[in-house]
Amino acid sequence: MAELQKLHDAIMSGDTKTAVAVTREALAENVDPMELIRQYMIPAMDEVGRLFQCEEYFVPELLLAARAMKGSLELIRPLLAASGRQPTGRVVIGTVKGDLHDIGKNIVASMLEGGGFDVIDLGADVAPERFVEAIQRSNANLVCLSALLTVTMPSMRTTIEALKQAGVRERVKVLVGGAPVTRQFAQQIGADGYSESAPGAVTLARQIIAAL
Amino acid sequence: MAELQKLHDAIMSGDTKTAVAVTREALAENVDPMELIRQYMIPAMDEVGRLFQCEEYFVPELLLAARAMKGSLELIRPLLAASGRQPTGRVVIGTVKGDLHDIGKNIVASMLEGGGFDVIDLGADVAPERFVEAIQRSNANLVCLSALLTVTMPSMRTTIEALKQAGVRERVKVLVGGAPVTRQFAQQIGADGYSESAPGAVTLARQIIAAL
Amino acid sequence: MEQRMRSYGALAISNPSDLVFGRAPSPVSCGFDLTIGAGQVYPEVNFTLPAITVSAENWSEIVTQYTEMVTGIIRRAVALRAPGIVLEFELLPAMTECPEWGAEVTALLHRALREAHEKHGLRCALRVTPTDIREHGKPPLLRYGQGCEQLLRSFDLCAQAGADILSIESIGGKEVHDQALLYGDVPGIVFALGILAPRDMAWLWDQITGICARHPGVVPGGDTACAFANTAMQLAHQRMLPEVLAAVVRAMCAVRSLVAFEHGAMGPSKDCAYEGPILKAITGCPISMEGRSATCAHFSPMGNVASAMCDLWSNESVQNIRLLSGSAPEAYTESLIYDCRLMNVAAQQGGALMLRDWLTASDQWLSPQAALLSPEATLEIAAVIVERKSHYERTLGAAQAALSILRGGLSGGAMLIPAKERQWMDRIEQELSGLPGDEKTLRRQVQERYAGIFDPASYGLCESA
Amino acid sequence: MEQRMRSYGALAISNPSDLVFGRAPSPVSCGFDLTIGAGQVYPEVNFTLPAITVSAENWSEIVTQYTEMVTGIIRRAVALRAPGIVLEFELLPAMTECPEWGAEVTALLHRALREAHEKHGLRCALRVTPTDIREHGKPPLLRYGQGCEQLLRSFDLCAQAGADILSIESIGGKEVHDQALLYGDVPGIVFALGILAPRDMAWLWDQITGICARHPGVVPGGDTACAFANTAMQLAHQRMLPEVLAAVVRAMCAVRSLVAFEHGAMGPSKDCAYEGPILKAITGCPISMEGRSATCAHFSPMGNVASAMCDLWSNESVQNIRLLSGSAPEAYTESLIYDCRLMNVAAQQGGALMLRDWLTASDQWLSPQAALLSPEATLEIAAVIVERKSHYERTLGAAQAALSILRGGLSGGAMLIPAKERQWMDRIEQELSGLPGDEKTLRRQVQERYAGIFDPASYGLCESA
């Protein structure tokens, strides 16, 4: 029988190979995929998140864990989809137009993925239309905008307006972030949330999805 | 005959006594009051303003000159009013509600007076209603708002809104100033002008009155 | 309360090499394990709201703002391993008018500091400075009336809510001084600073030390001539007044700020009191100063020399706005910490006096206001003050000492100042020497000119006038 | 262009007591009567727009903003009698994409400086830094394509419009480095820094020095490892990466930033290149640094020590927003001027080394990144670099030297770092020692892992691979 505790540990130590192997074995033995996620994978990632916030883990540990989690999830997702069960949430993320800073955005994306979200990363320098398209195509319920330049902060407003014009603003919640962005600015442009850190972004995303 | 050049010089040196005496003499000799103002008094104050901007004069010299100018004007005004001629402009000035800083406002008021404006100084900590009242009572065409605290800057907006509500916003132009106020903030709250200095305030006031 | 009255007839520090940053003969212990003036310079961070109205509707946002600010400041202090820190909460007018508001923010800051001390061992203390809202009236009423009652209640509630040090920027005499200053009226200035202000200070500081006595552990800090000398400094900065006048006003102000100590203040004095070094030389109490890292609050011709003798080093005030790095309060906390690190390392390696002298030399002769801040100038003015008896005589003496220091700088060729400023020096000197030897005569001479502008009863001047 | 190629086989400064702020063996003269590195430290002020879109509609507002900023900065420099000043204009991406815009702002700033020089005798110069917009593509194309053309044209037009110094924060190798860094992949990091980056630098700096040669008087300044080491520094600051990794990355980066000098750069190097002191020791060219007065732009664990060997002292970047004192660019100009005053006075009185050592001691062992910035550590790393031949070997050597300095600090007990960081030190050390001696082998080992992420042709790697 598959040793499921090993899945938990493999994710925590960022060992993708083992994580995938254990998952495959478990699925072959018809373990309920939801159980795998709820009892082993999410707790592992939560523990990773906790260690990260306590400054026991750095980003490399975090990203390796997220990568392991993602590896397992790739095996599980088709089954969930087939059974009609949804992942926690579907997120479209990108750095706004004119801005090429993507490290912060990448970390947020990875942590969301690690947190069990289905993440569509549009990259950097993303025009408002591309956000609109991605939402339309993917049925996402969350949009994350990142900006690191003061001169691209206004693009966040423009993007939110484009969502309105395209009639998709109501379908999604919008989170914004990046070094120059503030809570006040987020309010002003009509975003639904702001966080100054990646773990904060995950917490916020969870709260929002839970409230949907 | 009155030596009119003396009026010019008395104002420049802040000698109220002489300024008033020469003015009285000239008026007794039926010199055109408008000529006194245009040819001697305004040029003197302009020269004072120039010296101030070149850092040849400090505020004390400036205020003493303004006081001398005011002394002469007090004799002339009734005549102008009788002949139906208007002074350059009529200004209501005050520091907004919640704010007691009044030195900057006082200097602006004095320089406006020195510049030939008719100035109604409401003091500091002035509530919006009091600005409205003063405009209604005085037929002023210019309102100057001063604020030195970040937490009283919003009072400028409130005051402008009160002018709108009372239906007097169209009758006046609104200038704002004070250390924390910026050009951008002035625009945002719908003021008609901003200056960072007292001489700048006078120049601006003149331009605005000229354009009326 | 009278028993608290101290009189200073001699200097606590008379040797220039004892007048240096970080050390004061009478250190002050307060807050969470912090001792000020015992060898280290600590940062004092002062922070304020951005453009937002202080009102009941906005109150929760305001609480959030203060929480954000204190969080950022403490985060930086911990990250940079600051050996200690003082926070200053300067109440905004509406928070003094409604003393409960001021007390609520005080409590919030106190809790944050306690937590930082418990969790990170950060030594720290909280200074609280209610607004002197007695100036509302025309003329202002200083010893009675609503403003006065609210002010005293604010001190009381803040002391109760967790303030460790109480201070004020008091305004007695300002109503006269403002006008005298703008018209360059030297007798009026002396009247305001040498007669009116000390009388209000004496009364007010008896109240404050009384309140501290009722709240054990709360230290009566000090006052500042902000309303007088900093107004003059700002006006000189904008080239509206001669720098020499601002410098002379500063020296005179030391006399009125000293009255706080005569009536029980123990230091640290207020950051914006650039007369602080004189107070330190006379009283031996620690002082707070501000300069090159207070560019958030005001520009200054004495950014370095201001730190030469400080015990706390402050940013004066910074709004909670966002810079590229993070919040402005956090950013200025960092600047202060680096300044303190340098001073403390130099002191530790035996170089305190050398660094003090470089800090002094780098500004000293570039502006008249800086010239008065050297250790030597400080001791010269302080010595004249303690030699004389009445506040009036002391004020005149301080002004004359200041002028003689400036003359020295000019004649030695060290200081270059424009002809216009030199004319003003002559003028101030002349007017000073024309002043009567006794205070009653001066009062008679100027009282009419300022009638109605001040309330004699507020200065205990009714009967005697 | 090949004739410009210099190779550094020995140190220009080998004696620690010659490695000090304000003095460089090869000073640079430029702009209006300014010589950098000849005895005085000057402020370098960098300033940027607040939240506003750079677009044709907003263009007049943008011009107003830059005019306001330069006016405020010059006003402060004149008021404080700064002996000289450098302005840095860092183009925003849209201003490089449309090179005319960048040139227009350059011209505006140039005019303002000329006027300040004529009217007030202010010695000054303008540094212009176009944005390295070649990174747009995936993978980025570095030697051809639209971004590259616009970038080179931007240099050309800015040189023509009045730039005195040209710089860049180039990004060759970053696409690989970003990912390697986030995954803590040491071989990937070395590949990016020791192989890819130097190849791009060589090509790019030949272009830049070529452009300077066509515009007499325009100085090729220098580059910075911002995209590498400052990213790591920021991540360490946010506790996302270990500080020791950020420190080792910084040391490695010196090798790639040195390539600018090998290909004609003359200094002053870029402010945000904290690898600057190593460059100064090797080349003898003046450097710009930033630290405790760059709190507007980023927080830092090395605010004081960063100034120990600088020739220009910068604020990195500040938005045009309003503080209580005035505009933020004006405020940070003042802070820089006071820092420079202190350094210059100390130097003038023979105390440069003493002040340098206090600045160093005050930060040195409080963080691994600061530990590498002492004069001794600088010379140790620089010596290893010049001893070795290829960029790859130099990069490895710099990393090892950095680790040995950190080990020294730890074993002597001077530096305290958490267990987690120490584990990372071991790990980095192990991985480094496992790397092959020759660059080709490493390329083969990692190339697959990063296939598709970088464009081999952009590094001249197609044929030889």
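So that you can tell them apart, the chains are marked A, B, C and D in the order they are listed, and the count of residues begins at 1 in each.
Simple rule for what comes next: a residue touches a chain if its C-beta (ideal position, glycine included) is under 8 Å from a C-beta of that chain, and two chains touch if they have at least 3 such contacts.
These figures come from a predicted structure and were not determined experimentally.
Listed here as common contacts of chain B and chain C: D. The chains in contact with chain A as well as with chain B are C, D.
Of all chain pairs, the one linked by the largest number of contacting C-beta pairs is C-D. Inter-chain spacing, taken between the CA centroids of chain B and chain D, is 52 Å.
Per-chain Cα centroids separate chain C from chain D by 41 Å.
A separation of 34 Å divides the Cα centre of chain A from that of chain D.
Under the contact definition stated at the top, the residues of chain A that touch 2 or more other chains are 150, 180.
Shared interface positions of chain C, i.e. residues touching 2 or more other chains, are given as 48, 319, 324, 326. Taken as a contact graph, with one node per protein chain and an edge wherever two chains touch, the assembly fits none of the named shapes, being neither a line, a ring, a star nor a complete graph.
Applying the touch definition to all chain combinations yields A-C, A-D, B-C, B-D, C-D. Interface residues of chain A facing chain C in the complex, by the touch rule stated above, are 150, 179-180, 182. Considering their complex, residues 48-54, 92-94, 135-136, 138, 178, 182-184, 231, 235, 238-242, 319, 420, 424 of chain C touch chain B.
Contacts from chain C toward chain A in the complex involve residues 322, 324, 326.
Chain B makes touch with chain C in their complex at residues 55-56, 58-61, 63-64, 98-100, 102-103, 106-107, 123, 125, 149-155, 180, 185, 197.
Contacts from chain D toward chain C in the complex involve residues 48, 76, 79-81, 291-301, 303-304, 317-319, 321, 323-326, 328, 330-332, 334-335, 337-339, 341-342, 344-346, 349, 351, 354-355, 358-359, 361-363, 366.
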